[in-house]
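Okay, so chain A shows up in both of these, paired with chain B first and chain C after.
Now for the complex of A and B:
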């Protein structure tokens, strides 16, 4: 494979994104209107933020299946507090604390007890969903309008969810590319034994990535609550799969050691939302949604495997 | 993945096995069963197994409670199980009921196909089985289904909404929020919506069909996308009231959340009759909703089991006609609306 082909494969996530924009843009001019493009970013924010945290975990060759459940518990606690009259400045830090508690559990079992991340986070997924249902008593909670105002607020004309997504993305990008911690994350994903021999304290780094993932889940829960203004028993359900899909679509390897949040995970999250948005805009047959999304994911993974073969 | 090596392997394996077992136990949580009972004498129902696919919406909770109350009223012991959307787990739960010698089974299956082995297992054990609110696909296995007449009730609800649209004298752009396309009830509601719209194209143009997979976040994103692409949408039907918060948040974000009669009001209708819908009707934001009569369905399910056990003829299908509740009949019908009752 020549250099141009390799370069094209490296650009695959970006090219795929542009192709999707072009196809829907041709189908409906409304799709490319600035208002709709901003809407895509806003609607992608929650999944995008979780996907940023998930990227850290995937880079270490781990996985965090509990992010959706963490979002649910944090939102359920927030809902109860909001209905009891607590103000937002207290509720939001509590959501972060709840999420960090869960992710600290994940970190402890992965690094200290050495249980596989898949098993640990699957357990916290079930615990979280059960606990969330217990807290909500399986009732939908409609929250005060202050949450919706937060979700639709703008700062310097930029919607708050997009701003939070941008902030998380920027910090994550700097951490991964400009700090020793970021290099250690990649090193562990490449080869954990080699990383240990190189003197990296792998336990600490692994614990940190699960905490980052939990923190991102808390931020994503805030964004979703702001957009929805309600907590339902299905809040955050299957968010883990959307986050993994966004990270992988952005070029992050499931086997660790390779990937990035910018532009990779950003493009992945936007791509998923652009497809869903485009299908609504062109009033597509609802049966086509899963088929088209699956085809795009398949193409992306296929290109990823081609890229792997060239290395 | 991290590699595990050397003498710690056995210890780690045991730790993982323990955790996996804990996960399995957790996955099965939500079930509480009474002590084993001897099989009932023929002709008398003493114990009924109730297996729900999920308790994750208010409707299922209300249905579960209504069945529980109906069984208690008849002095019948209830064994309960919740499958957390896992069809193979539900099959196991039904087999457990059979082993424990129940006199009847009430089942809310995950879908129309995966329940057929469960029905067959009950048939082989000669235990009557009733499907609550979700029917099975065509099969030679014997069962009774008690279901809402989803297409008809949806058609009636949407027809009422279209009447309101006609009164405005203008053509309306419409959006329908669909449920899970693998759920036969969601399909029935979609068909009911399309049937109501057919022939009224001069008043209603459907510009967005948003699949939600019964997920509020997906629904919110889909509705926001549709409102962005078609800001002049003025008619929205949701296949379940459970998705109303998604619609109201998107309408509020676009400044379109207005009461009935106010300029710019979006004609809004739903299906189920939950507590949110009731409150929105009272507050004047919702035009109508098709109410499933959960009390009728619970009573009919238990009665079918008793009749089957006592040798009386039982139909294969009992249809809950439900009713449309709207701004015009709210006071009259609220007492039969399950959402109004759980709000109290």
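Now for the complex of A and C:
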């Protein structure tokens, strides 16, 4: 494979994104209006934030399937507290604490008990969803308006969800590219045994990526609560798959050691949201949405495997 | 170096490192039997020995990967007992391994400073400018003019090795260990490495150099230490050695009755050997090549023949077996089985045709460790036990097969058929693998390191099984790093070096020195 096609493969997420924008733009001029584009970014925030946390885990060659369930439990606790009259400045830190408790369990079982991440986080997924249903008694909770106000608030003209997404992205990007921890995440993803031999404290780094993933899930739950204003039994369901898809679409390898949050995961999250939004704008059959999304994901994963084969 | 350290060096007669009575056993088999030698400060010591002589174990002890059962190491006059690789790094010991320990997805500078990133003041961020500048300095010292932010995956093998050396310099290593550093290097890269080594010597860095390339050892080292069977059998200044002397020290061991008599040969000597040579060709290999691995390999395995494949690590022996069994691709060459040309090699088809392969990783590739002894025995012959239309397995038939094989392959009487294989000793595990294939009555059996880590008694039984199979007309190909084993077991030995066949000796011409010389690639020089 020559250099040009290699370069093209490296740019695949970006090219795919531009192609999708162009196709929908041709179909309906409304799609490319600035209002709609802002809308896409805002709608992508929740998935995007989870996907940033997921990227950390994927970079170490792990996976965190529990993020959607963690969002649900954190939101359920938040809903109960809000209905009982607690103020937001207390509820939001409690959401973070709940999420970190769950991800601390993930971290413990992955690093100390050495159970495969897939199994551990699958277990936390079911425990979390069960617990959430127990807390909400399987009923939808409508939250006070203070949440919705937060979701539609703007700061310096930027919608708050997008701002939070941007903040998380910036911090994550700096951590991954500029700190010793971030670089060690990449080393562990390449070969954990080799990393241990090189003197990296692999247990700590691995524990940290699961905590980061949980923290991101808490932020994503806040954003979703602000946008939906309610906690339904389906809150956060299958968010883990959207997050993995966004990260992989952005060029992060499922085998660890390769990928980035900026621009990769950002593009991936925006791409998934743009497809969904575009299908609505062009009035496509709603039953087609998941199929078209999965075709795009398939194409990008296929391109990713082509890229890895050349290495 | 600080004055204090200098004083210490003088009080210990200029020793940097000394091993005293190092012992280490694996599963009851002693691989190091009281190794003692010293490395002078600023010197360069060559460590030579056959595969399995204990070099790697000794170096793993020095690096903190293993702990000795007995004995002490002294480094710069004080005790040194590393528990992990970080301890070695802290004491200024660096390793340049054959397979390099760099992360291809990180930059050169990041690899050098992976656990000691310079920080920008009190921030959590890496001070990239400073790190890259220091990396440039280190790279210049090893003669690499490459931007330090290049990813390691874009570098050649030789460049990567120089990066490893730069990394060693970055921890101010006082002792650098080279383990077969030239195996993946081109000639030019090797010259560059040697030039660098002499520059480092001038700076007073002490080095230990492990290599099978004896010419390099003679060229580089002041002293040579010869290891054989876990013991130091010779050491001294390089000028007191000759290639002849070194080779005979490496191999010279007396063999007692470790091998069953090769029956047909024992009876009639050379005539019987001729009898084998006229045995029908079974497996004919013609011009098999795979770039970078094998070059133009041709040989014939005959019926009833036990054929040994000798060579050093990396000579391509296992690779050849893997290609012949269809596990790895080949670019050229044809393979005939019983005169019939095989267009495509695939493990499934080869097993159908009666070829069996025991890999060198019996635990991971040869056994289902948690399954029972009985289940493992019958694994590859399962279809024979399910002949009804629905392919139900017939319990009685399975049971009789296990009984049949246990009459041939003797495990301990107390070993039950339902016991998980994991609980067996290494020797018994290997017998189970062998028995599994014997039940299929293979026509061609390939064994890769069949007795590695196995005690002498079990070895003997494995040798007997191999002979039995050959006597029944099968062809057996044995790969082994243990030369005594090949000489005791085989009718003929092929020697590989650097991916080619370099020698072919019938039993009457077996000669340790000749085989070792061929394997070392020094055959031409030594031949009259």
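One rule holds in what follows: the second predicted complex is superposed on the first by the 311 of 311 C-alpha atoms of A that agree within 3 Å, B and C clash if a C-alpha of one lies under 4 Å from a C-alpha of the other, contacts with A are read in each partner's own complex, and residues count from 1 in each chain.
Here is the rule we go by: a contact is a pair of C-beta atoms (placed from the backbone, for glycine too) under 8 Å apart; a residue touches a chain by one contact, two chains touch by 3 or more.
From a predicted model like this one, the values you see are computed outputs, not experimental measurements.
*Asks:* So if we stack both complexes on chain A, do chain B and chain C clash, or do they fit?
*Replies:* With chain A aligned, chain B clears chain C, so fit.
*Asks:* Applying the document's definition of touch, where does A:257 land relative to chain B and chain C: first, second, both, or neither?
*Replies:* Touch status of A:257: second partner only.
*Asks:* Angle chain B-chain A-chain C between C-alpha centres, in steps of 10 degrees?
*Replies:* The three centres form an angle at chain A of 120 degrees.
*Asks:* Should A:197 be classified as contacting the first partner (chain B), the second (chain C), both, or neither?
*Replies:* It touches chain C, and chain B stays clear.
*Asks:* Comparing chain C with chain B, which touches more residues belonging to chain A?
*Replies:* Touched residues of chain A are more numerous for B.
*Asks:* Using the touch definition from the top, say if A:267 reaches chain B (first), chain C (second), both or neither.
*Replies:* It touches nothing on chain B or chain C.
*Asks:* Would you check which partner chain A:276 touches, where first means chain B only, second means chain C only, and both and neither mean what they say?
*Replies:* first
*Asks:* Touch check for A:174: first (chain B), second (chain C), both, or neither?
*Replies:* Only chain C; A:174 stays clear of chain B.
*Asks:* Just checking: does A:99 make contact with chain B only, chain C only, both, or neither of them? Give me first, second, both or neither.
*Replies:* neither
*Asks:* Pick one for A:205: touches chain B only (first), chain C only (second), both, or neither.
*Replies:* neither
*Asks:* Measuring by CA atoms in the overlay, how small does the chain B-chain C distance get, in Å?
*Replies:* 9
*Asks:* Share the list of chain A residues that count as touching for chain B in one structure and for chain C in the other.
*Replies:* none
*Asks:* Could you list, by residue number, the parts of chain A that touch chain B in their complex?
*Replies:* So the residues of chain A in touch with chain B come to 28, 30-31, 35-36, 39, 42-43, 46, 61-62, 109, 113-116, 119-120, 122-123, 126-127, 130, 133, 138-140, 142, 145, 148, 151-152, 192-193, 224, 227-230, 232-239, 255-256, 273, 276-277, 280-281, 283, 285-287, 289.
*Asks:* Under the touch definition given earlier, write down the residues of chain C that touch chain A in their complex.
*Replies:* For chain C paired with chain A, touching residues are 65, 85-86, 89, 101, 103-106, 110, 114-115, 117, 119, 124-126, 128, 153.
*Asks:* Using the touch definition up top, name the residues of chain B that touch chain A in the complex.
*Replies:* 1-4, 8, 12, 15-16, 19-20, 22-23, 26-27, 29-30, 55-58, 61, 178, 181, 206-211, 214-218, 220-222, 224-226, 228-229, 242, 245-246, 248-249, 252-253, 274-276
*Asks:* Could you pull out which chain A residues touch chain C in their complex?
*Replies:* 174-175, 178-181, 183-184, 186-187, 189-191, 194-195, 197-200, 257-258, 311
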